[in-house]
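Here it is, the structure, as structure tokens.
Naming follows writing order (A, B and C), and every chain is counted from residue 1.
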Amino acid sequence: MSALRPLPERADIVIIGGGIMGLAIAWNLARMGQERIVVVEGDYLTSGASGRNGGGVRAQWSSETNVRLMKRSIELCAEFATRMRINVWFRRGGYLFLARTDARAKELESAAELQRAHGLPTRLIEPQEAKELVPELDVQHFVAASWNPDDGVVFPWPFVWGYARDAAKLGVDIHTHTRVTDLVTEGSRVRGVVTARGTIRADRVICCAGAWSPEITRMVGVELPSKPHRHEICSTEPLKPFLRPLVGDLSDGLYFSQSARGEIVGGISNDDVPEGIDHSSSARFLGLYARALSRAMPILSGVKILRQWAGCYDLTPDGNPLVGELDEAPGLFLASGFMGHGFMIAPVMGELYARHLLLGEEKELFARWNLRRYREGKLLTESMILG
Amino acid sequence: MADKIVVCRCEDVTLHEIEEAVALGHDDLESVKRYTGFGTGFCQGKQCVALCARLVSELSGRAPSLPITPRPPLHPTTIGHLARLLEDRPEKKR
Amino acid sequence: MPARRLGKGQPTILLRVDGEDVPAITGEPVAIALYAANRLVLGRSVKYHRPRGAACFAGRCDGCLMRVDGVPSVRTCRALASSGRVVETQNVLGSAGVDLLAAADWFFPGGMNHHEMFTWARPVNRAMQEIARRVAGIGTLPDEVMPATEVERVRVDVLVIGAGVAGLACAVALHGKGVDVLVVEEEAKDLSQAGAPARSSCVAIGVYDETDGRRLVLASGPRGVIEIAPRTIVIAQGAAETAEAFEGNDKPGILSVEAAERLFAHAVLPGDKPVIAGDGERVLRLVELFERHGVKPVRIERDELLRAIGRASVRRVETKSGARHACDVLIVLGRTSACYELGGQAGVEVHFDSDGFSLVASPEDGSTRHPEVFVVGSAASVRGEESARAQAERTADVIHARRAHG
């Protein structure tokens, strides 16, 4: 993982970004026998969104694809610790989505129906039952809640290190502190990456740069519809365990859960954030979060916040990702635009991406999620985005 | 039996754990913070970050860089004291 | 009894500590009262359940966290004693002195790699995680719902953060020139005679550049949060001792020099068999304080410290050259590092020297790379009261001159 080793001149596949997405794809490719994979990370591992998220992993989504994929991701999370020999503190405490209005409750009900069709135990429950699950909740503002006991949370950092360590064992060459400054091209075709520490030529370059992805594609003149958007999060003093599920409220984007260390970790939507990469903290976030959290769970009013930080969402206009090869720049592949849920989808995306590249599987999904849908006006939907 | 050398007392991080992290390739302060958890407890590094910076630079042979990014609130702050931060009220002159 | 009160004031009230009465003086920090009563072990650490006690008395460590009046993890060095306050030990299975979970300490002698332990099989891993979850955390939820407090909003031209020598000198000079200035000070100091508007027991928790273009400083005071909108910020938060690495360095009864100074300031003798590690003027002054009360400290070099021994609190110190000194308190002069956090967040460059961090500011006039942020005193590595005062006054001149010239 050290930055000190020289870069190779050639590779078969270069992955830009040592976040969970890049490392999951690298690990899956290597496991399927792909050789000469190089991952270049501009900073240290976990420096980007992979190290800055709340660790939620859920299968409660409103689109068929997300439900199917996330269900698989959760399975992969459950076996990660023993497979990779690193603790990711995966805990199935469930996800409890609160609905404040009948309209929202109806929406959650139809999503729950879809989820049940995929074999999930999701169901709509009354506020009283929600209170039995989480006695500290103030349920008077809610009309219903959607409950899936199988969703869970992980501790994000070791997930990244686990993939990195095992990928390295399988021969993946990972270079941190190696920022990509340009792409090597021949005509419109991408043939490698230029970094501050040297050039690596490769016929396939996969951009897994999260919120930095638009900067990468701009190097070959391609403007992505996705935008970086600061998302803030904070954690409290460590408390003895009392809260099992992650609680979310789609109306204000509030979510919170209790980490393995006992802290209440959570965030909230903030509509007053200009687009752009920004890791600074705001007082406005503290005010929004504290107000919403003490309303949802009044007893937390007397608990202390220890630290706040920020990461960047990679927001697409239709809430769906950008994957597959670019028509405009053959040889350059995208794995980006994962909104705020890139972390939880990465285990399954890694698997699908490797199978797509090496075996040609999942053609339909990769076509549907390709950038060209914006040119062709075939936008998709997903209504269960948090934060 | 030798007792522990505790470098971060809030999170119970030992010198041995710092050495192990550096040996695993986490050779900058931010990475070591994340791997060992030093500086993430009640005092948010006020006691330990200078010591950890000295240790990591000794162990990795690299000059100490910046401290870990300071994370506000710089002292533990009660949620109920922040809940009315956004209330729109006229500014009060002292 | 090793620690004792030194005449001046005598306790008149009682605190209720784990069901027992502990005498205290109204208005002194609870942690001082506990120390004076020789209650050194105040809790247990988070992973290994090692005994914890106050180490800094300055709101900079985890040692004095206790449940106070039904609120978890309160820093008792900051909570002031009043009659009948209920103080409870946290994170113990048993008592602060005998904690059954302390088995974790000898079970993982070097420390634990919590990333890799028990990952060989899923059922074992699941069981481990369930146990880990149960022992995680320090406090439990508060007893009662706390109503949200009002946020006070203050506009000021210059905000001075820290009322030490440099901060006060700067504020007084600004105030004298007619500049609208406010000082916030973390300690419960009496600043009524300071000569400039000031708030004590008020700690800055962050400086924020908001998306609406305002630069705000939030400060946390006894009644809640204050939102301050200053044009210029002067940081004068000083420098503080930091942790030193030796075996058993986290035991109760191991204090920084500043902590010992604070005990003396509250008329409490830190111990009657002290060992002091470190050199310099501050140590000499501390030795003198002990000697004034008939106590002769053993002095050793800081680099000679090998280990501190003692089950609950320190009882013996061993040096690298093989000396053993019985003791009831070990005072270590820690290397100092500037309180850089707020300055770093405000955009001031942070620099590492051989001991710790400092904020990069002009020793002449406190100016930094951020035009509206100044740093004065030891936070900017200006040593000595005279130099700090002079720098702070020149800083005030610069700020005032800028105002005069629009």
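Everything below uses one rule, namely that contacts are C-beta pairs under 8 Å (C-beta built on N, C-alpha and C of every residue); 3 or more make two chains touch, one makes a residue touch a chain.
Please read these numbers as outputs of a predicted model, since none were measured by experiment.
Among the other chains, the CA centroid farthest from that of subunit B is the one of A. Chain B has the Cα centre that lies closest to the mean of all protein Cα atoms in view. The largest tally of C-beta contacts between two chains is found for B-C.
If you average the Cα atoms of subunit A and of subunit C, the two centres end up 38 Å apart. Rounded to whole angstrom, the centroid-to-centroid distance between subunit A and subunit B, based on C-alpha atoms, equals 25 Å.
The geometric centre of subunit B is 15 Å away from that of subunit C, both derived from CA atoms. Contact of a single residue of subunit B with at least two other chains is seen at positions 35, 41-42, 44, 69, 72-73, 76-78, 80-85. The residues of subunit A that reach two or more other chains are 161, 237-238, 281, 283-284, 286, 290-291, 294, 300-304, listed in rising order. The set of subunit C residues that touch two or more partner chains comprises 46, 73, 115, 138, 146-148, 206, 208, 218, 227, 345. Looking at the complex, you find that subunit B touches subunit A at residues 24-28, 30-31, 34-35, 40-42, 44, 69, 71-73, 76-86. On the subunit A side of its complex with subunit B, the touching residues are 1-2, 44-47, 51, 157, 161, 236-238, 281, 283-284, 286-291, 293-294, 300-309. Subunit A makes touch with subunit C in their complex at residues 79, 81-82, 84-87, 89-91, 136, 158, 161, 237-242, 260-262, 272-274, 280-284, 286, 290-291, 294, 298-304. Here subunit C touches subunit A in the complex through residues 46, 71-73, 114-122, 125, 129, 132-134, 136-142, 144-148, 206, 208-212, 216, 218, 227, 345, going by the rule given at the top.
The touching residues of subunit B, when paired with subunit C in their complex, are 1-17, 20, 35, 41-44, 46-51, 53-55, 63-67, 69-70, 72-78, 80-85, 87, 89, 91-94.
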